[in-house]
Every structure is written in C-alpha cells, then in structure tokens.
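Structures for review follow.
Shared chain: subunit A. Partners: subunit B in the first complex, subunit C in the second.
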Partner chain A sequence: MRKVAIVGGGLTKFGVRKATYKELAQEAGKAVFEDVPNLDKKDVDSLFLGSAASDRMAFQSYPAPLVAEQVGVQPNKVIMRTELACASGQAAMRAAYGSIASGLSDIALVMGVEKMNTPNMAETQTTMAAVMDREWDGVNGMSAPPFFALVMMRHMHEYGTTREQLGMVSVKNHDYSASNPFAQFQKKFTLEDVINSVEISKPIRLLDCSGITDGAGGIVMTSEDRAKEFTDTPVYIEGLAQCNMGSLVSNLPSLTTWKPMKKAFRAALMMAGKDIYDMAFAEVHDCFTIAEIIAYEDGGMCKKGEGGKFIEEGNPYVGGRLPVNTHGGLLGTGHPLGATSIAQTVEVIEQFRGEVPEERYVGGEWALTHNLSGNANVHSVLVFRRGG
Partner chain B sequence: MPKIDLPYLLDFCPLQTEDFTRIHEFFTNLKEGKFTTTKCKSCGEILWQPRVVCPHCNSDEMEWIDLPQEGKLFAFTEVIHGAPLGMEDDAPFSIGIVDLEDPKMKVLARVDDAHYEDLEFGQEMRLKIITLEDGRVWFRWVRK
Partner chain C sequence: MRKVAIVGGGLTKFGVRKATYKELAQEAGKAVFEDVPNLDKKDVDSLFLGSAASDRMAFQSYPAPLVAEQVGVQPNKVIMRTELACASGQAAMRAAYGSIASGLSDIALVMGVEKMNTPNMAETQTTMAAVMDREWDGVNGMSAPPFFALVMMRHMHEYGTTREQLGMVSVKNHDYSASNPFAQFQKKFTLEDVINSVEISKPIRLLDCSGITDGAGGIVMTSEDRAKEFTDTPVYIEGLAQCNMGSLVSNLPSLTTWKPMKKAFRAALMMAGKDIYDMAFAEVHDCFTIAEIIAYEDGGMCKKGEGGKFIEEGNPYVGGRLPVNTHGGLLGTGHPLGATSIAQTVEVIEQFRGEVPEERYVGGEWALTHNLSGNANVHSVLVFRRGG
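Let's look at the complex of A and B:
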C-alpha cells in the first residue's frame, strides 16, 4: 500500500450562487489547478466526483464525465461519481485514497460539486427529504431539520443540554466564517440572534441550521513519492474509517449516542496511532448545532452528556483545548453536500501551510475531519498529518 | 412553463397495490383497521418496516402479526418551515416517535391535532389511519 498525499486544492465562493452546476465545476477546477501550478492536466489519470443530488437539484445524472469536460481532464484510470448524501465528498476522497494506495491511480482530481438553490425551495426540500427512507420516513415529513430536532430535544431532555450551549456553537462557527472568504455567511451573530431566529422544526431555529448552499471544490491527491513534485507541504492521510448502523429512524440504535461515530473516530485515530487530543484541530460535521455538541461527546473530546459544558468552558475555540471548525463549519460556510468535505480538507491544507487569518490560525502537525450523512447513520473520519 | 402535477414517483407515499409491492398486505390490513408487520417464521425476528426477506437469517418465510395501536411518546418535533412538495400546505405539522410495549419497537409518524407545546415525553398516543384522496392509506399518531 502506498502512502497517499494531498498536494493542493481550491474552492468556489459558497452561497446562493448565480451560476449553474457546470459553471461551479469550472470555477472549482480553476481554483484547484491554480493552487497546484506544476500539475499538467494531462497527468490527471483519475477523477472522483462527490455529488449528492445532481439528479434532482441540477436535473443532471451521470455528472462525472460532464465535470471532466468542464475542467479539462481526460481520466484514463478511474472516473466515477460518489454519492453518500452529506458525505459524498469524503466518499470521493476515500475512493481516491484506495485507488492511489493500491497503485491503480497516480494522480487523482477529487471534486465536490453541488447546486442546491433552485427557483422553488420546496424542490430542494423534497430532495433532502428523500435522503431519508422515502417511503417510511420521508412520507411523514421527515427530513434533516425534523430529524435533528428530535435528536436535540432528546439530548436536552436526557442530559440537560441548554438552549444557550447549543447557541454558542452557532456563534463560534459564524465568528470563524466571518473571516473566511469562501463562506456563505461572512457575518457574526450574537447568542440572542441565534436563540431568537426563525423556528424551522421545533426546537431547531434557523441559526441552528447550516445553509442551503451552491458550491464546489477540488483537491489533488497523489502518492507520497510524487507529492514533492507539486508542493513543499503535502498533507498525508494517515487514518480513515467509516461506520454505518441502520437507516430507518425508528430502528436507529439511539438518537443521542451516535455509536457509528464513536467507532469511526476510534478506528481512524487508531490507524493513525493517535489520540483525539493529538489533533491540533478538528473539522466536524456541524450540519446543526446539536451535531457539533454530539461530536464533542462521541468523538471522544469529553464525557457523554457533557458536550454543552465542553463549549461553555471554552474548549473548542481557537486557543482552547481542541479548536473545532476553525473554518466556520457548515453552520458558517454553508453545506453544499458534495463539496462540504472538500472545504474541510482545504481548511486543513491552509492551516498546515499557514494561509489562514491570524485570529483563527492553529497550524500544527495533525488534524481530523468528520462527516455524518443522512440521519447520522453513517460517520466518515479522516486523519491528516502535515508533511514537509 | 405549464404547471406540472407531482409525478407519481416523486410522491412520498408508497405504491400500495399487488402490482407494485410484495408487502401490499400491510396496506390492505391498514384499510381494515389493522396495524401489522412481518415476523420471520425461521428466526422469529419481528421486522419494521415489513420485509420480504429477513435481514437476520435470510429466510423469505414471513407471517403477518398485529402491532399494538397505542404507545408512549418518545420524541417529537413540529415542522414550521421547509416541508417538502405535497406537504407545504400541511405545515405546521408535528412528527413523533412512539414506543410500543409488545413487541418493543419504535414507530415514527406524523402527529395530528397537536402543536409542539401540546406534547410531552411519555404521553399516551394512539394510531389513526388516514385515507388519501386516491384511496391509498397511511397512519399517524394522535393523543389518546
């Protein structure tokens, strides 16, 4: 098995974009190739495209060759699209990792592209509801906000997590996204703003939710021996793990303890030979404020039920015990499903290179990214080491 | 652009007749006021939702069993914004997960006639069977 490196990456501006799916792909391609100037497009032998719902939201099936043409590559080893809802981008990275580690691919372009804003928001909401078991959960109006509302109210009930503690997650992540040029929400909010924002699915309010976001991004992955051709600061993938348990909401082992998250964090860190507190920072999947609280707990940063206290005591901030979501998270930067993991990875690249603003700079040697997908029934984790 | 009716396959409610599904009996039972699911004849597992193959032992020998039509409310929410197509006019509407006693399992469904503030943990709930305009049936929870 070859060691796998990420040598660069780039993103489009995230938000409600006046641009099509294909135009977002072009912008992301430009950003990637400008970040890796020594790479000749002809040497890209593989394309892995994370795209969760292009079929419905962009009315475009079979998007991988379409994106290849848009960015100007002609893969001759592997070309595929990966779909894993909110973790589609990390699924693409995982497929690229396997292909490079095995020696099948040498230089892979890994992209995430998502167009979510359409003239009719109910269309987008319909697509999101179909991420649930459409016939037995979606039919009851289940979608992401109601699911995480059930999780949040149970967590508050079982552990005494407070409205204020949940709100602090949103305030923190918007504080960081305010200085992130690609973020959908480059704006800070107060705790009062969060607690008084519009109700979406009780008890979840608007500022507990990540955005409905158009956006795209890409990274270049290659083997360790090729990495130095392209960068002085390669980012090595030292650990990776995934775990799935269940699908139907009624059958999940627990709403408030995410067993597959615990397993995926543990396995990825074990593969890297590291502990969670060896990480300089962690980018976790804060699709809703409650998801970040549970990530503190089931990601092993604090005891079960103490996620609220963990943020209240200042631990997940830059300068705290373990900075979480230094790029602003999904809450602050938006959540263009397939591109979300790519944005987290670009944050790791920029942190390791020292290219982020001083107020949210952490740097360090190790970092972790995490995505959940669907009704938190799949968790995907990557552990990175700074090379060079 | 012409107004397009919701295509059948973008409709959330499952197709229920023998032509489309092998668990059509669930829906005919529901029409008759019975709330049922499948139990594996080989390993005895009770499966939700109804299945044609047991995920535990791979047997395809199933029998239909009656489920209780009442239980206790475990978790609930009320959808205010963001309802999907076909449900926009229903919002606000509530959704709840109810614990059944025997067999021990959870069933998620819409909760009719109750806002979030009307609901409590452990509240006694009962099943309500509804008939859609086109004759299909489905189930919801209401307060007992």
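Let's look at the complex of A and C:
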C-alpha cells in the first residue's frame, strides 16, 4: 500500500455567490493549479468530485465530467462523483485515497463543488429534507435544524449544557472566520448576538447554524514518491476511518452520544498511532453549535457531558489545549456540502505551511478533520501529518 | 496491492416495479446474502452504493446509509454513494476495488439501486435531461434519445450502417433476455418488430432503446486471500480503466468514434495482459442499438465502420466469434442506471459458475464488462478472470 500525500489545494470565496455551479468549479480549479504550479493538467489521471446536491440545486445529475471540462482535465484512470450528504467531499478524498494507495491512480484532483443559493430557496429546503428517510422522517418535517434541535435540547437536559456554552462555539468560530478570506461570514459576533439571534427551530437560533453556501474547492492527491515534485510541505494521510450506524431517526441508539463518531475517531487515530491530544488542532463538523460540543466529547477531548465546560474553560481556542476549527468551522466559513471537507483540508495545508494569519496560527505536525452527515449516522475522520 | 475478488451477488427482478427504492434495496440485499451464505453481515466493513438518480426520482439525497439500514449492515470502514450517471454501479465497484486493493476495506458490499418509474414520469424525463450540461445542451432539448439519434444517423451516413444491422442488435439481446429471469423484457422480437416499432427520436425507434427500469443488485467484493471463505469460484478483477473526454456535446471530437472507449478498452485489457479476443464474452453498454455497434468497433472487435457487418456476419452471438451481451444487455434486461453494472457483473459470475440456461451459456475463463455514461464522454471497463 502506497502512502498518500496531499500536495496543495485552493478554494473559491464561500458565500451567496452570483456564480453558477460551473463557474464555481472553474474558479476552484484555477485556485488549485495556481497552488500547485508544477502540475501539468495532462498529468491529472483521476478526478473525484464531492457534490451532494447538484441534481436538485444545480440541475446537474452527472457533474463529474462537467467539472473535468471546466477545470481542463481529461482523466484516463478514474472519474466519479461521490455523495455522502455533508461529508461528500471527504468521501471523494477517501475514494481517491484507495485509488492512489492501491496504485490505480497516480495524480488525483479531488474537488468539492456546491451551488446552494438558487432563485427558488424552497427547492433548497426540500432538497435538504430529502437527506432524511423520506417515507418516515422527511414527511414528518424532519430535516437538519429540527433534528439538531432535538439533539441540543436533549443534551441540555441530560448534561446541563447551557445556552451560553453553546453560544461560545459560534462566537469562537466566527472570531476565526473573520480573518479567513474564503469565509462566508467574515464578521465577529458577541455571545449576546448569538443568544438573541432569531429562533430557527427551538432551541436552535440563527447563529447556532452554519450557512446555506455556494462554494467550491480542490486538492491534489498523489503518492508519497511523487509528492516532492510538487511541494516541500506534503501533507500525509496517516489515518482514516468512517463508521455508520442506522438511518431512521427512531433507530438511533442515542441522540446525544454518537457511537459511530467515537468509533471513527478511535479507529483513525489508532491507524495513525496517535492520540487525540497528539493533534495540534482539529477541524470538526460544526454544522450546528451542538455538533461541536458533542465532537469535544465523542471525539475524546473531554468526558461525556462535559463539552460545554470544555469550551467554557478555554480548551478549544488557539492557545488552548486543543484548538478546534481554526478556519472558522462551518459556522463561520459556511457549509457548501461537498466543498466543506475540502475547505477543512485546505486549512490543514495552510496551517502546516504557516500561511494563516498569526491570530489563528497553530502549525504543528499533526491534525485531524471530521465530518458527520445526515442525522449524524455516519462519521468520517482523517488524520494528517506534516511532511517535508 | 492486493488482488480483488468478487465472491457472489444477486439481483431483484428488473422492470416496472411496485416496490419503493427501499424495498428494492431490501430485495437485492436478500439475494446477495443468499448467494454468499457464509458471509456474516457483521463482517461487511464497507458499503459502496451506485445510484444515479435517487435525488430526483426517489426523493432520497443521501441513500447510502438508507440502503445500509435496509440490508442490515453497519459499515465501519467505508460507506459512500458513487454517481456516474449510467455507469454509477461500475463507479461503486471501482471505489470498492481501490479500497480493498489498498487494504482499507476487507469485505465490501457493492450495491446498485434505482427507482425510475414514478407517478410523475415527466420528472423522470426531466432528470434524464439533467445528465447533459444543462446550460448548453439540456436547455436545447438534448437528452439521451436525441443524442444517440444524432450518433446513429451519423454512423449510418458515414459507414453505411443499415437499419437492419441496427435492428439485429435488439433482436439478439431480446433473444437472450427472454431466458433471463431478472430481465424487464422476457420476450423475443423479430427484426420487423424492431424496425416498425414507434419512432422515438429519428432514426431511433422504441426497440432501439433500453427501458426505464426499477431494479437493484449487489455483489460482495473482498481480497484474494479471503475469497475462498465464501466461494469455490471467485471472480478476479484483473484489469480496469476509465477514460473521459469532454462534457459539452459540441466539444466531442467525433459523434461516431468514441476515443475514450478505445482508450479504456485498451488500457483495461493491457492491465490484464489480454486481448479482446481472449475474452469468452463481453457485456457492453447497449443503452441504444447504435451503442453496441460502436462498441464492436471502438472495443476492438472489428474495424471502424464495420460494426454493422460484424453482427450481420454472426460474430457477437453465442457460438460466434465473441458473444456480446449474453444476459440480454440493457436493451433486453432494462437499464436501472446504478444497478446496470451490477447486473452485468452478476452475469459474469453466473457464466463462470455455469448457472445460465444452456442456450446462452458461454462459460470460459475471461470476460469484460463496459459502461458508457452521459453523451458517451466517459467509458468504464472491467476485465474479469474466473478463479477456483
């Protein structure tokens, strides 16, 4: 099995963009090839595209060759789109990992592209509801905000997690996204702003939610032996795991303890031979504030039920015990489904290279990214090591 | 790199089914586990789901964990959906191949599920149009039948391919599907039936087209060293290739010569160290009759322009020089997008095991499957060897 390296990447500006799906792909492709100037497009033999909602939101049901054409590559080893809702980008990285590690692909472009702001936002909402089991959960109004509202309410009830502790996650992540040029929300908020923002699905308020975001990004993955052709600071994937449990909401064993998350963190770290506290920082899937609180717990950073205390005591901040979401998370940068994992990975690249603003610079040798998808029934984790 | 084996598989009945998307998944899962009785569901560590149109046709945008729950598995290594329009199932097999060959997965369930017949067939047609570039081709009415009509007309013009030769493809494939219990169309047709069937998009007639099909299937893939636990007749994947060229119809270098098809056939066969005529049979993507004619040519079975003559002279029949589409092809068995590649693979398994009716039995040691997708801008090829 060949070791797999990431040699560079780039993003579009995230936000409510006037660009179309294809224009976002073009813009991201340009950013990637500018970041990896030694890479000839002809040498890209594989394209893995993470895109969750192109069918319904961009009206494109076969976006992989569309994106290939937009960025100017003609893969002759592998081309496919991967979908795993909010983790679609990490699914693309995982498929690319297997393809490179096995020797099937040599140089893979891994893209994430999502166009979510459309003239008809009812269609966007309808699409998001289709993520749940339509026949049981979807028809009963279960989509992301109501599901995570149940989780938040239950967590507050079981563990005494406070409104303020939850709000601190949003404040922290917006603090970091304020200095992230790609972020949808380059603005800081106070705890009061969060707590008094409009109620979306009780007890979730607007600033507990990540955005509805247009955005795209890409990274270049290759084998260890090729990596040095393109960069002095390759990023190696040293661990990866993905665990699933259930689909229907009523079949989930618990709303507040995410067993597949615990398993995925443990397995990915074990593969890398590391502990969570060996990580210099972690980018976790904060689609809602409560998700980051649970990530502290089920990601092994603190005891169950102490996620609120964990942030209150200053641990997940830059300079704290384990900085979390240094790029601003999904709360701050936005959440263009398929592009989200790519943005997390670009943060890892830039941290390792020392290309982030000083106020949120961590650097280090090891980092972890995490995505959940759907009703938190699948968790995907990657562990990275700084090479060079 | 570990060698990858297929140890069994199963299908639902294809056709216009009253079953829902989830029920099709259940039914296929049952068939798979019955075919691999030694496999404990708990040992399935990965699920790769090929599904092209679940978002718009089944209103499910995150079908992978949905299918996992329906078939009773909880993957803890990899779970994802792959999409590549009509080749979505082969994309799933390719992702599984990389995952197993690299050692990331040990036992993967590879499923293809598609529900295409819905109460609102206008939605199905609209979805099919979204496969093309919406902004340039889709809005101008370009979907599968008009595109392949252009191809057929041009091929008849350039090479003198006759209406009768094209019709023979449909007659042959329906002859074989008549004895395939999974087929949507278990009925034989005469050449006259084909030529006089209703015109769909000139010069394409109804019996030149594959069906709009509900169906699902699955196979179990594992490494060579595990394969013997489950079967005496493993099927090894010895070659695989996938080539892309372009997206927009106006950017295709030729309508009638499919360069990525030539490249994909050559590369997959070269990886296996074999020639096309080393194959005992080949299952190719006959979404329309003209596609099989071009597969004879660009798949290297005959010279360019002689595809019509190739069938007229009896070559692609059982007992001929190279039997093609012994399971009845897409024309005869139907074309449930994500499940189509799985059905081709199940035919390979059954041929190698000697489980098909004598009238279309070929057996042998080597076989090839092919899928095209979209406007024939991506071609995917797998080369199989009979083990045991």
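Convention: the second predicted complex is superposed on the first by the 388 of 388 C-alpha atoms of A that agree within 3 Å, B and C clash if a C-alpha of one lies under 4 Å from a C-alpha of the other, contacts with A are read in each partner's own complex, and residues count from 1 in each chain.
Note that in this section contacts are C-beta pairs under 8 Å (C-beta built on N, C-alpha and C of every residue); 3 or more make two chains touch, one makes a residue touch a chain.
Predicted model, so just to flag it, every value in this text is computed and none were measured.
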item	value
Subunit B versus subunit C as contact partner of A:248, first or second or both or neither	both
First, second, both or neither for A:79, with subunit B first and subunit C second	second
Superposed model, subunit A: greater residue contact from subunit B or subunit C	C
Which superposed partner A:157 touches (first subunit B, second subunit C, both, neither)	first
Partner chain(s) touched by A:69 [first = subunit B, second = subunit C, both, neither]	second
Partner chain(s) touched by A:178 [first = subunit B, second = subunit C, both, neither]	neither
First, second, both or neither for A:141, with subunit B first and subunit C second	first
Touched partner set for A:149, first subunit B, second subunit C, both or neither	first
First, second, both or neither for A:207, with subunit B first and subunit C second	neither
Footprint overlap on subunit A, comparing subunit B with subunit C	128, 130, 134-135, 138, 248, 251
Subunit B-facing residues of subunit A, complex	121-123, 125-126, 128-130, 134-143, 145-146, 149-150, 153-154, 157, 198-204, 248-251, 255
Residue numbers on subunit C that touch subunit A, as the complex places them	1-2, 20, 22, 47, 52-53, 55-56, 58-62, 64-66, 68-70, 74-85, 91, 94-95, 97-105, 127, 130-135, 138, 240-248, 251, 260, 263-264, 267, 373-374, 377-378
Subunit B residues touching subunit A - in the complex, by the definition given at the top	10, 12-14, 48-49, 74-88, 90, 93, 95, 97, 105-110, 116, 121, 138
